[in-house]
Amino acid sequence: MTRNVIPLHIEVINGPNMNLLGEREPELYGTMTLTALEAYLRALGNELDATVDCFQSNHEGALIDRLHQTRRTADGYIFNPAGYTHSSVALRDAVLAVAKPVVEVHLSNPDAREPFRRQSFLADVALGRVNGFGAVGYGLALRGLVHHLRGHAAGR
Amino acid sequence: MTRNVIPLHIEVINGPNMNLLGEREPELYGTMTLTALEAYLRALGNELDATVDCFQSNHEGALIDRLHQTRRTADGYIFNPAGYTHSSVALRDAVLAVAKPVVEVHLSNPDAREPFRRQSFLADVALGRVNGFGAVGYGLALRGLVHHLRGHAAGR
Amino acid sequence: MTRNVIPLHIEVINGPNMNLLGEREPELYGTMTLTALEAYLRALGNELDATVDCFQSNHEGALIDRLHQTRRTADGYIFNPAGYTHSSVALRDAVLAVAKPVVEVHLSNPDAREPFRRQSFLADVALGRVNGFGAVGYGLALRGLVHHLRGHAAGR
Amino acid sequence: MTRNVIPLHIEVINGPNMNLLGEREPELYGTMTLTALEAYLRALGNELDATVDCFQSNHEGALIDRLHQTRRTADGYIFNPAGYTHSSVALRDAVLAVAKPVVEVHLSNPDAREPFRRQSFLADVALGRVNGFGAVGYGLALRGLVHHLRGHAAGR
Amino acid sequence: MTRNVIPLHIEVINGPNMNLLGEREPELYGTMTLTALEAYLRALGNELDATVDCFQSNHEGALIDRLHQTRRTADGYIFNPAGYTHSSVALRDAVLAVAKPVVEVHLSNPDAREPFRRQSFLADVALGRVNGFGAVGYGLALRGLVHHLRGHAAGR
Amino acid sequence: MTRNVIPLHIEVINGPNMNLLGEREPELYGTMTLTALEAYLRALGNELDATVDCFQSNHEGALIDRLHQTRRTADGYIFNPAGYTHSSVALRDAVLAVAKPVVEVHLSNPDAREPFRRQSFLADVALGRVNGFGAVGYGLALRGLVHHLRGHAAGR
Amino acid sequence: MTRNVIPLHIEVINGPNMNLLGEREPELYGTMTLTALEAYLRALGNELDATVDCFQSNHEGALIDRLHQTRRTADGYIFNPAGYTHSSVALRDAVLAVAKPVVEVHLSNPDAREPFRRQSFLADVALGRVNGFGAVGYGLALRGLVHHLRGHAAGR
Amino acid sequence: MTRNVIPLHIEVINGPNMNLLGEREPELYGTMTLTALEAYLRALGNELDATVDCFQSNHEGALIDRLHQTRRTADGYIFNPAGYTHSSVALRDAVLAVAKPVVEVHLSNPDAREPFRRQSFLADVALGRVNGFGAVGYGLALRGLVHHLRGHAAGR
Amino acid sequence: MTRNVIPLHIEVINGPNMNLLGEREPELYGTMTLTALEAYLRALGNELDATVDCFQSNHEGALIDRLHQTRRTADGYIFNPAGYTHSSVALRDAVLAVAKPVVEVHLSNPDAREPFRRQSFLADVALGRVNGFGAVGYGLALRGLVHHLRGHAAGR
Amino acid sequence: MTRNVIPLHIEVINGPNMNLLGEREPELYGTMTLTALEAYLRALGNELDATVDCFQSNHEGALIDRLHQTRRTADGYIFNPAGYTHSSVALRDAVLAVAKPVVEVHLSNPDAREPFRRQSFLADVALGRVNGFGAVGYGLALRGLVHHLRGHAAGR
Amino acid sequence: MTRNVIPLHIEVINGPNMNLLGEREPELYGTMTLTALEAYLRALGNELDATVDCFQSNHEGALIDRLHQTRRTADGYIFNPAGYTHSSVALRDAVLAVAKPVVEVHLSNPDAREPFRRQSFLADVALGRVNGFGAVGYGLALRGLVHHLRGHAAGR
Amino acid sequence: MTRNVIPLHIEVINGPNMNLLGEREPELYGTMTLTALEAYLRALGNELDATVDCFQSNHEGALIDRLHQTRRTADGYIFNPAGYTHSSVALRDAVLAVAKPVVEVHLSNPDAREPFRRQSFLADVALGRVNGFGAVGYGLALRGLVHHLRGHAAGR
């Protein structure tokens, strides 16, 4: 691919229990493992002239640390805070602190589950949200984030 | 494009005030007109081996009629109910009645606006949601819906 | 039938998505079509010395118009506002404006579904309600309304 | 009456203060006494090839006992829990325990009275509801229940 | 009238059931018909050097269409959304889209009626509100809107 | 002015912080002082054959006292309770006690401000409300009140 | 006592757990037994030319039965529904059915206890309430009820 | 009266609009004037060996001042805060500060009026409450308070 | 069993619908009958040097009576109030009145059922709670209660 | 003290019941009197090159008047609205009107008391808040306010 | 012990602040240390033919990690999430992910403490709950869990 | 400094994102870095004869650990839980467990931000709170805490 574009760096951050992806409740979350998901995103990033680094932790504090540590090198974030979505003001504050565009992704459709999953402490400070497409949703988020960062017109 | 895929038909439905796209509150909704958005989606559909038909109305009843009339020919829907998102049980029932996958799209990020925009009568019966990417979000939704309908693995 | 009773005229009005009756979610709404339901009600009306006219629309405004246009000729209404039950103050106001007895009917049992279906903007201004009997409920409502209008003692 | 139908047995159960029917707040509940109502229902049952037994108590426990004692002989119930409608989980549990179809009936229109009358602990576990038709509503409920139990098509 | 003022054009839009004005619940809404109200407003407009056009519909979508179609020619709006006041985000969005001053008028006093009439989706995006003066309130709104548009000091 | 009308007496009462009108948050409340507003209202009253007396206090009790003291001489009131609007049952009771028509006026649009400003303890016992027109709103309220008291048809 | 007054008959009804009065939580409810309380009320009744009958039950249904059975002979009721105060719509309905003045009495101050004790299903249909005076409160209630029934001016 | 009892001093405090007693909404509050009520209470106090002083103000601050000024001489208070009942934390704090028994009295039955009258900031810090007996209720409260202060057994 | 312990007496009380245990909704409540459950508990009591008496009623009042009648002989209670758990302040008051340790038991997991089952009027005045273990939970509760009453260290 | 700083003038305003400081509920509010507190603040002000004037009233209106009268001479305010904190929109509006920095102080910790003390109508328009330090908190507030007004770096 | 049973492995997990057991608020949590509790559980496990491993952490992420790491070897869990009970959706998701029976245990009775302790994000996905028995509750939970896993009839 | 005072040891604990102080949203949080803040507090402590140790972590568990580890050596705490303020029951429990005075500090004014920032799980178990003074607030908190621990009279 020889398009002459400014390269971007995107951080993909996954929250608690995402390490069990592919094994945990597959009827809800699908069968692709986290390793495969991350490989797919790096490949898609390559195609879009964006480097992609991935991180997962079950620790809220480690997710905050990661946001802090990458805040100077990342052009944007794809972030699935999983269970912390609904309870963590600290992660919201970290997103505000890094001051880079963040796309919130959820594998499943949180609006179709327990009522407490309808509240997200991230949604209103995120650039946008992609819910319900399973692993594909990360790819859509990556495309959308790259478009946003390059200021492209809609379309390819 | 010579890939050997089963062709799909997607209906794109836009709700009230979307006819003013590009003119109405451009700082919130962007400058692309509805005509341009629809052309972009038909072109992207072409690239993805999917025909795309588009419809817009300010009338809740006309949106319901459209869902009914296209329910046998459409393989899936991209639907931005706009202001009706937050009040219309009738549209929710129509989506349940057509029994086809529906992706809910919003140009802006409803979670970052007035509190009443946090409730969607569509979200929990939709396949998924794409919020906050402006016109680009329709393209992401179209890609995601086509992937879902073809049962593709993640990625292209 | 030769009973010597004052003839009555009843309007039956069905709201959004009722045109798909018999086809839409049959496990919830049954398999009788709207055409068959309307024929059944006209026949039952005949038996009860009441003429019955039927109307269906997916348009809130058209339902209001119908209430207005028939307000001088109808002695009472059987009204299933479907999805508009839970959101329409305008229909409530139309019912108040026509000032004739209205029986609210629902095919399914709204109390056994999503919480937002527990609110009806019609229930407290209606004469009564019949829920959960499927198409039979319209017949019960028609019998009840005719009894009410003739001021009969209970029973036939 | 010579129709060849399987006979049914229906229990009619009335809750607290219903023994004062005809005397208590007649502008709200009508002038028919409970004795007359029960006679009317037995007669209508006869016409519909259904035996009807009636029971009334002001005691929540006695209503539960009655449901238990008749659970093997009754094909279905017509139940007006009156004031217990809005507070009794125990009666709800009894209805679940007997596992027979129950139609909830109210003489007046609870939605048009105090807000706490809008909550029914029975409504979502009942087959259906008939509200607001006074004593006539019991007859409608009986017809509807018999239809349901015989699996009739709508109409007679 | 020979004052040398810039002429204005005002659109008066009335929502559902307003076509029955003068006939519907006159103890609440008064006996002046809609035709007479509109004539009065055109005459008052003439006196204030403002042309006045009037529109009424029971269809939410038609009200949105009207706002769109007149958005370039109207200097301001007098809008009584009637029952849609309390449920329509779509009309709110239309008002935001036309970006002209809108005065919300109600014949009766919504605060003195059912609790759900206390919520208006229009009130916080309107220039102001006039409630409870019956038909006279439209005249007050017209005077107030004309003053606002001409930037007059208070008083005539 | 020689029209032959029964003269009226109107009390204008302004609540807390209104003495700073013209100086306090002028972008919200405008630049006209309270003295000028009162002069304008007296002049307008003169034109409408109504005497106008004005009163302002920051003391809730003094506002109640004023209502009491003028209850025999006033034909009606124009009342802006300002901050007490949202908290004072005592003022509501005073308005009920004087038993004269009261028009509630607000300079700004309370619905467009903090959520607690949406509750008015006066609104449902007032004749009507005029919000959002700044000082002009008092003039509109005066016209509307005079019309109401004289039982005029709409118009001048 | 030789005053020439029409004799009255008052029913005193005590609800659940009141049989343990004097023994149960004496720091909250005092040390006077129910027997002594009833003797005191009969004596005070005698002094006021009123006969007093007393009843206590832990059974909600028995309390309803008692209200029904005494409704023709009682001129008024003093009623402490104890724990049923906060949950029983059936008792409220019984009070409405007997259509005689009822004074609600509580030994302790329900407003100073758990939040759920602030709701009374009786309070708004009672003539009045006396809370927090322990056994003395019954005497105050009896005096007040007798005054009310005799239409006395305030005072003895 | 020669009983050998320790004399008591009771302060009776009436809040806003109580000065209009007998004139204001007599169907709700009765026809006895405040002057007559105070005379009645002084007479009843005399009979009970208690001096009674009375105070009324429409000013929340004056009511607080009165509580402060009398806190050393009063043995207890009868307090009807009227409209301030539902909004005044400051009066609650004053009652806590004076640390004497206070009986809350209301002429009408606040539980039978608007929902906001169900909240009392005084009720849970008062000794007790007497509602709904009109002017008689003050007499009952005075008797109850005197009994409480003298630690009498129930009865006379 | 020759351990030298002070014998205890435990009352086991089961509320409404528990008489149908083993027959009613066995997938939820299991197949052991109430008779068998009571036998098991008496046997386990024997093993633990505790006599066990059992009682069941569908009548709220009878449950209160039972608590009262056994309050001097019981050392503690195992109480499953079933449906009354969520509505009965009277039972709560009875538990407070008997002033003995009470363990609340539920066969199923109320937190996993309808939202109204999350409120228990007993939980905060009970010693503890055992939910979700079916009939075994009564045995656990009995062990726990006996330990508590004997003040044992944890373990056997 | 010879530092060369611009002198400041601070108004200290105390709300209802603060005149009883040192006497009222000393376990909650401490034993220092208001006179001593004001002397301490004037002395501390002297040390910080700030003149301090103090005012206390139980009258909401007098507190508003004081804010108005001092708005040109005060550089900032230390304000303990006491009980009015939780109910007074009028005081909030006065604070907005004077447009000077205000520090809210509470002697006790309102968050540790009744739930209604958690709402402050002042907190979000104040510069900051100091709660729970008793009289010392005023000194901290004064230091903090002076620092703020002088734009000092943190520390002395 | 020679019973021929399939051995089980149980994980006991304790959440934040449980390391201070025996020292922290002993009147609420008892004086047994965590070390002693764990020894007791291992011994009881031995008696029940179950191995027991114990883990405690103050880190939410570490608790999630522990659930993940033991999910293949544990037959069931005894889990006291302590303070995370009321806020952690991530722990709930981890429990769902490991898909093994989990018994929730609390030393104290959360229903008898602050209102926010009534919500548990674990309760509805747990097998059951044991509250309020102090350290003994863990033993009861272990017995109950072992019974459940072995499918025993009730009792030993 | 030669004052003869008992030395104190104070722990200062800062929660998530506080490591970015001075860099993160400086318009909200100021430009002083965490290092500088901690130096300032140690210096101020020195002046007040108190040693000050500081700790910051983004990990909720680490904050709990720190509270535990220092609980024997610290005389009091200054604690800014940042985002965990609004969600962490575990931190609240840790504060209760250490049983030392804790002052809650916030740089900004949480009451002036998003509604969810109004809830603090720490506020009601803290000694006091200092909000809105930026870094200076820590100094005020330190002074206040030292005063409290030494039991000084107000002032220096």
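Should a chain be cited, it is by its letter among A, B, C, D, E, F, G, H, I, J, K and L, assigned in written order, with residues numbered from 1 in that chain.
We adopt the following convention: contacts are C-beta pairs under 8 Å (C-beta built on N, C-alpha and C of every residue); 3 or more make two chains touch, one makes a residue touch a chain.
Here the structure is a predicted model, which means the values were calculated and not measured.
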Listing by label each chain that touches chain D and chain K gives I
If every step must land on a chain the current one touches, say how few steps get you from chain D to chain I.
-> 1
A-B, B-C or I-K - pair sharing over half of the D-I contact pairs = B-C
Between chain B and chain E, the Cα-mean centres are separated in Å by 34
Computed distance of Cα centres, chain H from chain A, in Å = 64
How far is the middle of chain I from the middle of chain J, if each middle is the mean of its Cα atoms, in Å?
-> 55
Please list all residues of chain E that touch 2 or more other chains.
-> 59-62, 87
Using the contact rule from the top, write out all pairs of chains that touch.
-> A-B, A-K, A-L, B-C, B-E, C-D, C-E, D-G, D-I, E-F, F-H, F-J, G-H, G-I, H-J, I-K, J-L, K-L
Spell out the residues on chain H that touch chain G in their complex, using ranges where they run on.
-> 32, 37, 40, 43-44, 109, 111-112, 118, 120, 123-141, 143-144, 147-148, 152-156
Which of the residues in chain C end up touching chain B in this complex?
-> 15-17, 19-20, 24-25, 57-62, 82-87, 116-117
Within the complex, chain C is touched by chain B residues 59-62, 64-65, 68, 87-94, 96-97, 99, 121
